[in-house]
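First chain A sits with chain B, and in the next complex the same chain sits with chain C.
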Partner chain A sequence: MARLSLIVLITIIPFISTLCSSFSPENPTDRRILVLLDDLALQSSHSLYFSSLQSRGYALDFKLADDSKIGLQRYGQYLYDGLILFCPSIDRFGGSIDSAAIVDFVDSGHDLIIAVDNSASERIREIATECGVDFDDAPVLFQGMGHSLNPANSLVLKALSASSSAYSANPKTKLSNPPSLTGSAISLVSVVQARNNARVLIAGSLSMFSNRFFRSGVQKAGSSIKHAKSGNEQFLTELSKWVFHERGHLKAVNVRHHKVGETDEPAMYRINDDLEYAVEIYEWSGKSWEPYVANDVQVQFYMMSPYVLKTLSTDQKGLYFTAFKVPDVYGVFQFKVEYQQLGYTSLSLSKQIPVRPFRHNEYERFLTAAFPYYGASFSMMAGFFIFTFAYLYNK
Partner chain B sequence: MARKLGFLVLLLCLTSICESAAIQPISDAHRSATLELVAPVDGSFASLEEAYEALRTFEILGIGKELNVRASTCSSVVDKLGSSSSLKDLFFALRANVLFKCEINEQVFLEIALRLKASVNDANSLLDFYYAIGSLRLIKDQTSEVDVFLADADGIFRSIKALSQSDGRWRYGPNNPVSSTYAAGIALETLAGVISLATSEIDQSLIGTLSNDIVKLFDGIEKYDDGAYYFDEKLVDAREHQGPLSATSSVVRGLTAFAAATSGSLNLPGNKIFGLAKFFLGIGIPGNAKDLYNQLDALACLESNRVSIPLILSLPATVLSLTEKDQLKVRVSTVLGSTAPPLSVKLTQAFSSDSKDASIIESQELKFDPEVDAHVLDALPKIVDVGNYVFVFETVLHDQEHKKVYATGGRTKVPIYVTGVIEVDNAEIAVLDSDLGSIETRKKLDLVGNNAISLSANHLQKLRLSIRLTTPLKHSFEPHQAFLKLIHETKVEHIFVLGNSGKQFEIILDFLGLVEKFSYLSGTYDIQLTVGDAVMENSFLRELGHIELDLPEPPEKATRPPPRPVDAYLRYGPKAEITHIFRAPEKRPPQELSLAFLGLVLVPLLGFLVGFSGGLSTYTFLISLTAFASRNEPEELPYINGPCHICDLVPSWHCGSSLTLCAFLVEVGSIRNVESTRFLGNLLDVCRAQNPFSPCFNLGQVEIILRKRENAFVRTMFGTRKHINEIWWAGLLDSVL
Partner chain C sequence: MGKSSATKDAQALFQSLRSAYAATPTNLKIIDLYVMFAVFTAVIQVVYMAIVGSFPFNSFLSGVLSGVGTAVLAVCLRIQVNKENKEFKDLPPERAFADFVLCNLVLHLVIMNFLG
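After this line comes the complex of A and B, so read on.
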């Protein structure tokens, strides 16, 4: 294996360097995508899907999965922003790619689409399991394969789940034992959004990406409505937009906070201060950053647990703001925005800010309620003085 | 809605299987897809090559007349032909001109022909020959004025033939050692051109060896399992690499051109030609314009070739409903969908796909129905019930002469799905006593209506559900999916498969054996029955009602019921707001009260001063007043004695001041237990004692002072510092006094 990768290093020819603008935080849509295929004929039979990607500006690099020249990175730099694995039966990737390399690729924030069919190989299963998806062994009544989601993995979600009457079994053999997967527990297409916002799409069917499935008409059993085209194209196009960060990518900028009536950000707040907090959130539309409109963005004033959790008001133009009073507890607090919305990248902002108690001279000086005491003591002093004076000099 | 969806998946699966099993000739699906794929950008095509391919595709399909690209293409054709462009550009410009019929000057053709002839003589690479000879042929087709015939056709033929390899493939040039199938197709097309451009007859032995080369080329053909044949390009790394589609299409083009140019017959088996057609049709609709052109152009060549014309047998529907009495229809046409010569279709065999042994029917001939343009089997044989079958058809040409011209591909196996409405009856559910098997409760199930049943059982009883399913031909039917699902209130599901017991489907659940599985969870279980199969038209999922199960208490070591799955979507969405609860501000007396008591506290000083100056009368009055105010133990006051009337004044002033302070504290609520402050009356004692903690200090006083300190301590914990100050003030005052 080591020798193999060495050969790859030597023989690798300079490629993909003249491609258009690449992935960056300012422009989160992927640009360069490596497509690994079992058979180059897929390029033609699934061309509608690929051309919809190409028409949206992606540079697709088609390679056979066992091509010895493929590699995801060179000199520590990733050559691609996204990876499409349309090679369900591959046993061993060519070049320097293996399942660990693919998992590393995702770990470093890159996106992945996996499609399998009935012949999902161990290698592909391994990658899917890393993402929290287990393929059921038997094929189901779907041109492909259902899978179950690992309940312990909260990052993986069903994008397309089977209906309540579905079950996962081999249609050619008689059922004697209850099927292990039934109903909506069967996931047909799953998506994963990792904590670093890398996105993975795992589909149980490779054919659902094919031109034939894109174009074939659908009629529900028992219904007279005939759809001229299946929903595959729309569904998968929208999903690919999501996976490659054309949609649902948020950024937060301009986080600021200050005391009411001031504009400068203080280094520290005092307990019971009134403060204002504002943040601007934008959504990537594929071309530009548009204001993000929602009404459920919340800020926390946090020290070990949230002391204040408040929903931010918005001006519908991307600005989210609120005002609240600093709690009467001092310590090192954080402003935290933990925004998790289905389908969007998660926003996680935190800003540390200490809160101090009153200084000794910031308390009230004279209390009206204590006036009787003051009166009593001072009257005593005065009386004693008069008494002493009288006692000494009287007579 | 949801339950329909399951069957939708099923249907999709069925249709896709049908598509893959039987190939269809080119149809309207191709036409609509072509308009999508091969649309010109802004009214023109990127190159003349693309323009030609698009127009050729449209021409084959008979569409695209509304596309107005002639003007833009013609201007570029004229442009290319006028200038001294490369052979390739000339070739494609002439090719496009065949379709667009632009207005070209004869003189232009003449000049080009002279140039081409010169280049044919100089050429040594295959592509140069191809473009030059192809161009000459195109000129010959477009004008008769220009002399395009080749004098030394034999010589040119030989120099092209010199590039051929022993396995029938060709090299691109004398210096290029790689042999290619795609090049073979090009070479055949070029040689066919040479033959048609020759002034004298080509040497027959040359044509004979070429025919042998073609046969050799066909020996290297690849085959798919379903009988489709194709040519594959072996060299993968070469820059001129062509996929199987373009390689096969190139060979087909060359082969048909060669067959058209020569009179002799090529000794090629009809099934290989049929297999090639199957390959092209099996691709379906290719994804790009180039592939589409290759596919359709090759099919158009096959449609009217001299070797053998493939006839395609296709079925409009492979899913037949017994209930709807669907007819079995078979259509035979050429690859592009035009009508076949007179022929008859026979259904020779039919067998169930489960048991692939004997045929279940006799050979039957289908009747041709000119109205639907298909061969129809009036009614399915009586023995065919719902299920999956494989039907074998055979096409027989009526005319003996046609048998040489057409390739029918022999027998065609087609999977047929016969569906029907399954009759569901005798559905009943019963609770049985475990020991005796006697029936406790028995309920008929109405699977049409929505009346829910309710049952109850304990762990010593059994539940029996039975159902009878019969096919339209009154046979008992065994669906693939027959599940009974019990769903507990906590959403824990248990699935059981119904078994076949002779005539009916039934399941007996012995709850005693299931308590472990049910995790000793008593309570209401919803009963759900799912019966479904690919061939069952009325598959259903029905909520039957519920059963109240009374299971024993779990023993010590029983497994816990599985935890309820957490809804992953709960993570999303806003959380409940949290507001900080601030400490309540301390209670303070109103300002007026404090000021009033300040006045009162100052009154004794005033009294002292008055007494001081006014003498004993006021003093006595004050004493009695204070005695009255202190309510208790006024008798202590007379104990006051002393020689100095000034000295006597001090305690009474002091006592008055303290009492006022005490009253203030009581008023503002700082001292709640008034009883315990009674000692203030004893202030005089305190006053007399030099040391507050001396032995003469009585116990009650110590206790009160301690109590006050304790009070202060408690307030340090919870109250504000200001309050503590007050208390300390009070305590201090007291101890001082």
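After this line comes the complex of A and C, so read on.
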């Protein structure tokens, strides 16, 4: 009996580890997601969206936002990989969650989806402002709120912006002042990728996630073609794949460098050595790591500033490589790959390597170009010898 | 008229210089010849460097400095052994020559180390 339970335990261990290891480097897709709702009725009115997430393997944990027992972490460990805030009117989160805890959650590399409605509470605005998004006070079409992006924040960008003839104002009140937000400056859905690769989606509309909007037909203004189904489902599904790291996640492995003609990595290079550098970059497809193919990955040979900047060649199978000559400067250098591609996680690799000058016995000797100098020096010595005799015996 | 008189003046100047120099003791003339040889060697190397570039720069420096250094030491010797120079009248010419030889040995030791 004890033996049987041991066998059971051993068979379970790998599953336990898969359950525990969320967001591992080997499998970057989020697994456990906390969904905070204003009203549990949203669970059924937005069921299409939630079931599409569940069908892709996410474990959704639905909680009321003011539930007193909710918490993002326990004993310093995060319980969730991702957070969905479908609670635009919440004034005060329950349990140990507050806006600082949510910002910390993102700061530690976790992902976040925020959707608001015609109203957005101070808490939600605060979190959105932290992410570089300011909600305008007036609802626009698509039933929700437009927002503007902080221009100083280069990490946030528009996934869906309003048409160039749109303006942001409350349709129910009289428009006395010109609207502050107009045209494509109005963002309807924004995405942020933080420097730690945490991803945040901020949508100005909670209804766009609802079953009603998923199923409703749509007709473009001024066009007679009627679409039986709106694009919301596809749009939001693809966005959620991106936010929860099913797509656009890169990893770089196997950084190698060596002298041309050798295979071992040296502890140090000499100035003017010829070296080869290689790195493998893979993209997460949601199930497996596929080779990442691009022609704009660059490596820097860096000491305070890049001395060498080379675009890496690729074999289309994930291997990126190049060869270059170490500059005629010695010091402590770094191999750096800083790859920031829109929509992909940023890669930031650096590997330190010292570069030494020639050793005393490594300099070239007896250069042809220097023969006149050698000749001159020796002739001066011979001249000194002859002069001595001429001077002493000239009587 | 003016041109030929200028040439005549120059000729007269050289004549007087040459006759004055003829009175110089032989040992000083030998030193002068030696200095000219050293300076000429240095100038040739500078011209050569200007043509082929400064690549073995240490070799260039040691070659030129051996010429210049030799010339400077020889000039120092000439000042010290010149009988008309009252400043060094207490210094025996043997002592001056010994100093010259020692300095040359040091100079060529440094040149050889820097040449390679």
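Keep in mind that, in the parts below, the second predicted complex is superposed on the first by the 348 of 395 C-alpha atoms of A that agree within 3 Å, B and C clash if a C-alpha of one lies under 4 Å from a C-alpha of the other, contacts with A are read in each partner's own complex, and residues count from 1 in each chain.
One rule holds for everything that comes next: contacts are C-beta pairs under 8 Å (C-beta built on N, C-alpha and C of every residue); 3 or more make two chains touch, one makes a residue touch a chain.
Just so it is clear, the model here is predicted, and its values are computed rather than measured.
Considering which of chain B and chain C touches more of chain A, the answer is B.
Residue contacts after overlaying the shared chain place A:Tyr373 against chain B and chain C alike. When the two structures are aligned on the shared chain, A:Tyr307 is found in touch with chain B, with no touch to chain C. With both structures placed on the common chain, the touch criterion links A:Asp328 to chain B but leaves chain C unconnected.
With both structures placed on the common chain, the touch criterion links A:Gly76 to neither chain B nor chain C.
Look at A:Asn211: by the touch rule set out above, it reaches chain B but stays clear of chain C.
Contacts of A:Gly261 after superposition on the shared chain: neither chain B nor chain C is touched.
In the superposition on chain A, A:Ser51 makes contact with chain B only, while chain C stays out of contact range.
By the touch criterion defined above, A:Ala390 reaches both chain B and chain C. Shared contact residues on chain A (touching chain B in one structure, chain C in the other): 363, 367, 369-370, 372-374, 376-377, 379-380, 383, 387, 390-391, 394. Against chain A, in their complex, chain C makes its touches with residues 26-27, 30-31, 34, 37-38, 41-42, 44-45, 48, 52-53, 55-56, 59-60, 62-64, 66-67, 70, 74, 97, 101, 104, 108, 111-112, 115-116.
Every residue of chain B that touches chain A in the complex is listed here, in rising order: 2-13, 15-16, 19, 29, 33, 243-245, 283-288, 291, 478, 480-481, 483, 485, 493, 495-497, 530, 532, 534, 537, 539, 541, 565-566, 568-569, 571-580, 582-583, 588-589, 591, 594-595, 597-598, 600-602, 604-605, 608-609, 612, 646, 650, 653-654, 657-658, 660-661, 664, 668, 721-722, 725-726, 729-730, 733.
Taken together, the chain A residues at the contact with chain C in this complex read 363, 365, 367, 369-370, 372-374, 376-377, 379-381, 383-384, 387-388, 390-392, 394. Residues of chain A that touch chain B in their complex: 40-41, 43-48, 50-51, 141-143, 151, 154, 157, 162-167, 169, 171, 174-179, 182-184, 207, 211-213, 215-216, 218-223, 230, 272, 296, 298, 300-301, 306-311, 324-325, 327-329, 340-342, 363-364, 367-377, 379-380, 382-383, 386-387, 390-391, 394.
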